[in-house]
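Both complexes shown next keep chain A, but they swap its partner, so chain B is in the first and chain C is in the second.
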Partner chain A sequence: MNRQNARAYALLSPALGSLALFLVAPVLFIAVYSFWIRTAEGLDIPAFQFGNWIAVATDYYYWLGLWGSFKLALVTTMACAAVGYPTAYFLARIRFSNKALLLFLLFLPFWISYIIRTMAWISVLGRTGAVNTALISLGIIDEPLKMLYNDFSVIMGLVYFLLPYMIINVYVSLDGIDRNLEASARTLGCSAWQTFREVTLPLSLPGLGAGCMLCFVLAAGSYVTPRLLGGPDTLFFPDLIYEAIISQLDWPTGAVLSVILLLSLGLLVGVYNRFMSLSDIYRSFAR
Partner chain B sequence: MHAVELSQVTKRFGHNIIAVDNIDLVVAAGSFVTLLGPSGCGKTTTLRMIAGLETPSAGEIRIKDQRINDVPIHKRNLGIVFQNYALFPHKTIAANVGFGLKYRNVAPDEIGRRVARALDMVRLPGVEERYPTQLSGGQQQRIALARALVIEPDVLLLDEPLSALDANLREEMRVEIKNIQRRVGIATVFVTHDQGEALAMSDHVVVMNKGRIEQAGAPREVYEHPHSAFVASFLGNANFITGQVRSAADGHAQVALGAHVLNATTERRLQAGESVTVVVRAEKIDLLPPGQGGLPGTVADVDYLGALARYQITLEDGTRLLSLASLKDKPLAVGQLVELRIDPQHCRIL
Partner chain C sequence: MTFGDDKKYERLLEAYGNGDISRRQLMGFLTVAAAAVGVVGGPFGKLTRDALAAVEQVRFDGWGGIVSEAFRNNAFPAFTEKTGVKVVEGEFGDTEEFLALVKAAQPGEYNTFLVSGAYDYYRFYKPGLAAPLNEANMPNLQLLLPATLEAFRKESEGKLYAVPFDYGTTGIAYNRKYISDDEAKAGAKILWDEKYKGKMALYDSFQTRAWMGSLYTGQDPQGVTDQAAMWDACRTQRDLVVKYWTSGQEFIDLMSKEEVILSDGWSGRVAYLQQNGHDIGFIDTKDAGFAWLEGLMVLAGSPMNECEQLINLCIEPKISIAIAEGQNYPPSLDPNKVELSEKVKSLPGFDPTGKFENFVWESAQYWFTNQDAYKKQWERISKGA
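Coming up: the complex of A and B.
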C-alpha cells in the first residue's frame, strides 16, 4: 500500500469503522441468530441448524407478508414515478432565476418530524378529515369516504414521504441532458412528443431507475407509515418482524425474517445494478 | 428565389434585452453565408430563429419564399450542426444519421443505403454499428454533418461547428465542410467568431455587433473596405491613426500627422482641418530603411512568428502601430529606426 492509499484509508477509517461496528456487525449477529434454536421454554440456544428457516419458508403467511410489502412498494414506486417525473421535468425546464429555492422547497418538509408528517394524513383523510368535510359540504358525496386505515392511506403516506427522492433523482438526470440533443431531434423531424420519446426519456432513464430503486427499497422496508396509516388488513413484512421479536420474543424467527427482507431487497439492487449499468454509461455520454 | 430571407427581424428576451435588432439578411441559393461577430452579438440567436428554436419578436423569415415564422421546427426541413456535435449518445451511428429519414417515412432498406452514402461523403464508411463516444471529436462532427445533410435540407445551419476541435483538425474540417457544401450545392448559414474561418469559407460575410449588422459583403470587400472601426478591428489587425485633414479631393485626402503627411482614400466629403481616423491593416505597412521620405518610426517590440514578424512601431508623436511583415531575412531589431510606407489605397478614412 503506498502512502497516498494509506492516507485515504486513514481518513476513511472513522466512517468505515462506524459502518463496520454499527451496521455490518449487528447484521452479522442477526444472521448468526437465525440459526439458533428456540426452545419451548423460550430460551435461545446457540446452534447451527435450519429449523427456523424451514419453519418460515414453509409458512405461507410470511410469503404473503413479503408479497404485501412488495405490492405496497411497487404501487408506491409507480405513483412516485408518475407524479415525480413531470414535477422533475418542470423543475429542470423552467426558466426561473432561483432554481435553488425551488429545490430547497422540495426538501422543506424534511424539517418536520416524519412521525408528525405521517400523522397529519389522519386529519386529512379521516372520516371528519379535510377531504371528506370539503366533499360533503360541496354536496359531492353524502357519506364520508373510507380513505383512512387501508392500503390507500398507506400508499398516500409513502408517496408523500418518498416523492422528493424520486424528484431529485430524475431532476439531476434531466438537468444533465444537452438541450442541443432535443434541438437536433426537432430539426430532424420529431414533434415535441416524439423528441421526448426518442431523446429525453431514454436519457433520463438512469435517474428514473435510481429513483424507483430508492423508493421501492425504502417503501418495502418501511414500518412507521403502514403502522400509523394502515388498517387491520394491511399486511406488511416489517410488521411480521416486529411481531416475532417484540410480541413473541422469538428472536431466531425474527432474525430469519430480517435476513430474508435484507436478501430480497439486496438481490433487487444487485439485479438493478447489473441491468442499469449500461444506461449509466449513456448518462455520462449525455453531458 | 432566395434560400433564406430575413426582413426586419427582431428578437427580444424579456423586456429590455434585444438580442437581434431589426436585421435584414438574404442567403442566396447555394451560397455560403457567415454570421461573424463576438459572443453576444446576436449571430447564434439569428441562426436559432431560422431553425425555429427561437421565435422572432418581430419581422418575417422566409425559406424558399415561404413564410416560416409559424411553421414548427420539425416541419422546416433544415439541417443543423452544433458546436458540441449533439449526437444521440444512446443510438448507433446508423441510427443517428438515419434519424431524420425515419421521420420522413423512408423505407428501412432505403435508409440503410442513404446512410451508407452519407458516411462515404464524410469519408467515414463502415462506422454504422459504433456509438458516438467510440469516435473522435472530428469524426463525431463529420457524423453530425452527415446526419444534417442526409435529409437533403433546404438550408444547412452550422453553429460554430469547428470551435470544439483542436487547431490542426479545425483546418482540415474547414476545408472538408467547404468542399462538401460546394459539392452538394446547399445554401449554408455558418455562425462563427473566428474571422479566419469566415474569410476562408464564405461567399458572403455578415459582421454583427450588438444585435445589428455592421457590414455585409464578399470577404475581401469587408476586409479591405471596413465601414466602421468595429469591423476593421474585428477582422484582422487594424491600426487606427488620428490626424487632421490638410486637403481633400476626389476621394483622396492628405492627413497631417504632426510634421508628416499620410495619403489616404475616403468615401466621405471632408473639410480641411477636420479630425479623422485612418485605418491601416498591419500587413499593409512596409518597413523601409530611413531616408526615403516615408513616415519615420522606431521598432519598439518584435514578435518572431516564423514565417512572419510582428512589429510594434512607435511614431514620432508616440502613436503605436502594429506591422506584420513576411520574413525572408532576419527580423529587424528593437530600437532600429525605420520608415513606414503605406499605399494610399490601404489608408482608409472612416
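Coming up: the complex of A and C.
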C-alpha cells in the first residue's frame, strides 16, 4: 500500500468503522440468529440448523406476505412515478429565479415527524375526516366513503412519504439534459410531444429508474404506514417480522424473515445496478 | 461503617459531606475498593460496583397517555423530593413489546413497570425476569385488598413479585347515539352482528380475541374444548371489522372520531371518553368480558431499595387515589381501610365490596400454556390467512 492509499484509508476509517459496527455487524448477528433454536419455554439456544429456514420456506403464509408487500410497493412506485414525473418536469423547466425555494418547499414536510404526518391522514380520509365532510356538505355523497384502514390509505400514506424521493431523482435527470437536443429535435420537425417522447423521456429514464428503485425499496420495507393506516386486509411483510419478534418473541423466525426481506431487496438493487447504475441515485443526493 | 449493605456509597458520601472523613479518605476507600476488584474480583466486584454506582435514577415504564400522565403528576415528584432519586419514564404499546425490550436489555436497564394482569405477571416471573419484593420495605401493603395480593402471590409460589396497584375490566364499548343499552346486553354476541359491519373495531390481542370467540361459541374462555369453532368465529368476525387497534390511544381515537361505533375496550379508556363528553356505553358482565389486575413489578438487576420505596409511595392512599382518578382505574386499596373518593367509586368496573365476586379473572397458567399456539393462530387469522 503506497502512502496515498494509506492516507485515503485513514480518512475513510471512521466511516468504514461505523458501517462495520452499526450495519454489517448487526446484519451478521441477525443472520447467525436465524440458525438458533427457540425452545417451547421461549428461550433462544445457539445452534446451527436449518429448521427455521425450512419452516418459513414451506409456509405459504410468509410468501403471501412478501407478495402483498411487493404488490403494494409496486403500486406505490407507479403512483409516485405518475405524480412525480410531471412535478419534476415542471420544476426543471420553469423559468423562476429562485428555484431552490421550490426544492426547499418539496422537502418542507420532512421537518415534521413521519408518524405525525402519517397520522394526519386519519383526519383527512376518515369517516368524519376532511374529504368525507366536504363531499357530504356538497351533497355529492350521503354516506361517508370508506377510504381509511385499507390498501388505498396505505398507498396514499406511502406516496405522500416517498414522492419527494421520486421528484428529486427525476428532476436531477431532467435538469442535466442538454436543452439544445430538444431544440434540435424541434428544428428537425418533431412536434412538442414527439420531442418529449423521443428525446426528453429516454434521456430522463435513468433518473426515473433510480426514483422507482428507491421508492420500491423504501415502500416494501415500510412498517409504520401499513401499521397505522392499514386494515385487516393489509398484509405487509415487515409487519410479519414485527409479529414474529415482538408478539411471538420468536427471534430466530423473525431473523429468517428479516434476512429474506434483505436478500429480496438486495437482489432487486443488484439487478437494477446491473442494467442501470446506482450512480444515478448518488447523483441526486449529491446535488 | 461497613461495606456490607447497598447504601455504602451514599453513607460514604454522607460521611464526607458531614466532615467525618476527608476527601483523601473518601478517595482512599474508593481506590481500595477498585484495587480489590482488580486483584480479587468476585465478591468484592459486587461491593465495588454498588459503591461506585450510586442510584441517581430509576426507570419506570407504563402505558403512556393518561396512565403515565397520572403517575407523572402524582407520584414521581413526591418520590424525587423524598429520596433525591429521579424517575426516568418510558412507555410501551403492549406487554409483548416491553417483554421483547427487557429480553434484549442488560439486567438493570429497566426497573419498575406496570404489569397488566396475572398472565403478564407470570410471563415475567417464570423466565426469571422479575425480582422478588421485600414486603417489609413496603408498609403500605397492609392497606391493599387481600384478594389482590393473593392473586399475585399464588402465581409465584407465595412470594410477591409485583404489588397490586389497580384493576380494570375489558368489556364492550358502544356509542349510545347508535346502539342502545338494551341492545348491548347481548354481550359478546353483538360483536358478530352483521348490522355493524364496517363500523366496528376490535383489540388486536390473541387473548381478547380468543376470549370473545369462546364466549360467542358458548364455551368457557379459560377451558376451551373446541378451538376450531372459536377461531372460526374470529375468522367470520374479521369481515365486519374496520381496524384491529393496538393501543388504548388508538381505541380512544377511533371511538371519539366515530370512525367506529362499537369495539371491545378497557374500562379506564371508556371512562376517559365519557369524561370528555362522548356518550359511550360500556358493558363488562361475565358474558361480555373479563377483569384484570395491574401491578407494579420490579425487574431483576434493579436497585431494589429505591424501587420498593417508589412502589410504597405509589400505594400511599393519597397518591394512589390521585393516580386512580387520573388514569381512571380503581386502586387496589381496601375500601374497608381507606376512604376512597367519590370519583373512584363512580369509575367503570369499580367493586365496592372489594371481593370481586362478579369478576372473571384471567388464569395465568391457562394463557401461558396456550400462548404460543393461540398467538400464531390469531395473527394468521387477523391477516386473512
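The criterion applied here is as follows: the second predicted complex is superposed on the first by the 276 of 287 C-alpha atoms of A that agree within 3 Å, B and C clash if a C-alpha of one lies under 4 Å from a C-alpha of the other, contacts with A are read in each partner's own complex, and residues count from 1 in each chain.
Quick note on the criterion: a residue touches a chain if its C-beta (ideal position, glycine included) is under 8 Å from a C-beta of that chain, and two chains touch if they have at least 3 such contacts.
Nothing here was measured: the structure is a model prediction, and the numbers come from that model.
Look at chain A after the overlay: chain B and chain C fit there side by side. Using the contact criterion defined above for the overlaid structures, shared-chain residue A:180 touches chain B, although it does not reach chain C. Judged by the touch definition given at the top, the superposed model places A:202 against chain B, while chain C stays out of reach.
With chain A as the corner point and C-alpha centres for all three chains, the angle toward chain B and chain C works out to 150 degrees, nearest 10. More residues of chain A lie in contact with C than with the other chain of the pair chain B and chain C.
When the two structures are aligned on the shared chain, A:247 is found in touch with chain C, with no touch to chain B. Contacts of A:188 after superposition on the shared chain: chain B is touched, whereas chain C is not. Of the two partner chains placed around the shared chain by superposition, chain C is the only one that A:148 touches, whereas chain B remains out of contact. Aligning both complexes on chain A leaves chain B and chain C separated at their closest CA atoms by 47 Å. Overlap of the chain B and chain C contact sets on chain A: empty, with no shared residue.
Those residues of chain C that touch chain A in the shared complex are 96-97, 99-100, 103, 127, 198, 238, 241-244, 246, 253, 257-259, 372, 375-376, 379-380, 382-385.
Residues of chain A touching chain C in their complex: 40-43, 61, 64-65, 122-123, 126-128, 146, 148-149, 227, 231-233, 235, 239-240, 243, 245-249. The part of chain A that touches chain B in the complex is made up of residues 178, 180-181, 183-191, 194, 198-199, 202-203, 282, 285-286. Those residues of chain B that touch chain A in the complex are listed here as 51-53, 72-74, 76, 78-80, 82, 84, 86, 88-90, 99-100, 103-104, 131-133, 147-148, 151.
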